[in-house]
Amino acid sequence: MTVKSFELFFETTGRTDMIDVTDPVRDVLNQSGVIRGMAVVFVPGSTGAVTTIEYESGVLEDLARAIEALAPEGATYQHDRRWGDGNGYSHVRAALLKPSLSVPVIDGRLTLGTWQQIVLLDFDNRPRRRRVIVQIMGQEL
Amino acid sequence: MTVKSFELFFETTGRTDMIDVTDPVRDVLNQSGVIRGMAVVFVPGSTGAVTTIEYESGVLEDLARAIEALAPEGATYQHDRRWGDGNGYSHVRAALLKPSLSVPVIDGRLTLGTWQQIVLLDFDNRPRRRRVIVQIMGQEL
Amino acid sequence: MTVKSFELFFETTGRTDMIDVTDPVRDVLNQSGVIRGMAVVFVPGSTGAVTTIEYESGVLEDLARAIEALAPEGATYQHDRRWGDGNGYSHVRAALLKPSLSVPVIDGRLTLGTWQQIVLLDFDNRPRRRRVIVQIMGQEL
């Protein structure tokens, strides 16, 4: 059994930017040598989240619209009143969607469906360089 | 330390079908021999999700209504315009609820509450045979 | 590799009480001796949840308002009609937010952002003594 830690970095536009991180996660899984176990994909910070989706532009738009309804950008936020960041909606969205995703690894592969990608959501109100942790635990070959 | 992988299959009706998968998960936990560790329940595919709930028909109805409000079946989805699947709402619901759940294992048991069951949510718009991965990692007896 | 299990207890007010549990989770991580691995924070029961947030009163209020919109306290719930608990909204909120959070551990530390705290959400409609499981798996020093 082993644990291997990886850091990935992504340049994001913010404002519910959705980035397909599946290939980079697969790359570090291959580097890890783990063939059976688990990969935890985690975004440090309180305005990002991780989930899975069929990564095609129609669904991305649909998801963005649903998230906009959950915490509308134009509403009034106490966070903004107190801190003036203007990203109160980003914090609420991130807390609802959560920063962590655990994916099983079997035969050296993520057990994703064929049309299921791992997606980093950046809810902040400005471009950022996002750090994503991929923690891989399990049995090596 | 060991990792054991299991596949479970469930026939679902789709349309926010909610299936109690606690007993099958407990069965494979018992088979695994793991007494302290973690069980990750994961549904491959981009129209399913996993969470916990008190599995009684009232709450199930209440949850279904809240999910319907998050991504109404009758709304217009870009996914449907482009792909004609008619299940744009299913994708949005699944991305919001997420496909993964991690449950600690102590003394060979899931640390669920008494009225807390693990539930597979199938948001697709048709019956499916759903595959669920249960990945169990930890110490054996 | 090891697995260490901890129980934490918190007195909550219910009604979407949000408690910062980061320090207690850090304390048990330090006790565990695990330097690389994963911490799973899990709340048994079907009216609680765990996520992360910048723990400041403005954001907490903003999140509470968004959650109120997801499952309004004043709406009619089938759970309440059948069981008379009056906490149907609590169950729906908990199922949507989910009871589990996995955080990577690197160099003996949780990989949280600087302004990112782990928060226990108690959605029940009364004060409770909440049990939280922290399961820590990984390599020891």
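By letter and in written order, the chains are A, B and C; residue numbering begins at 1 in each of them.
Here, a contact is a pair of C-beta atoms (placed from the backbone, for glycine too) under 8 Å apart; a residue touches a chain by one contact, two chains touch by 3 or more.
Keep in mind it's a predicted model, so treat the numbers as computed, not measured.
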item: Subunit A onto subunit C, rotation angle from CA fit, given as a multiple of 5 degrees; value: 120
item: Same vs different contact residues, subunit B with subunit C, by half of numbers used; value: different
item: Separation of subunit B from subunit C, taking each centre as the mean of its C-alpha atoms, in whole Å; value: 19
item: Multi-partner residues of subunit C (each touching 2 or more other chains); value: 1, 38, 70, 98, 102, 137
item: Complex contact set, residues of subunit B against subunit C; value: 1, 36-38, 51-54, 56-59, 61-63, 66-67, 69-70, 96-98, 101-106, 111-113, 115-116, 119, 137-139
item: Subunit B partner contacts - residues on subunit C that touch it in the complex; value: 1-3, 5, 38, 40, 42, 44-46, 70-71, 77-83, 88-89, 91-92, 94-96, 98-100, 102, 133, 135, 137
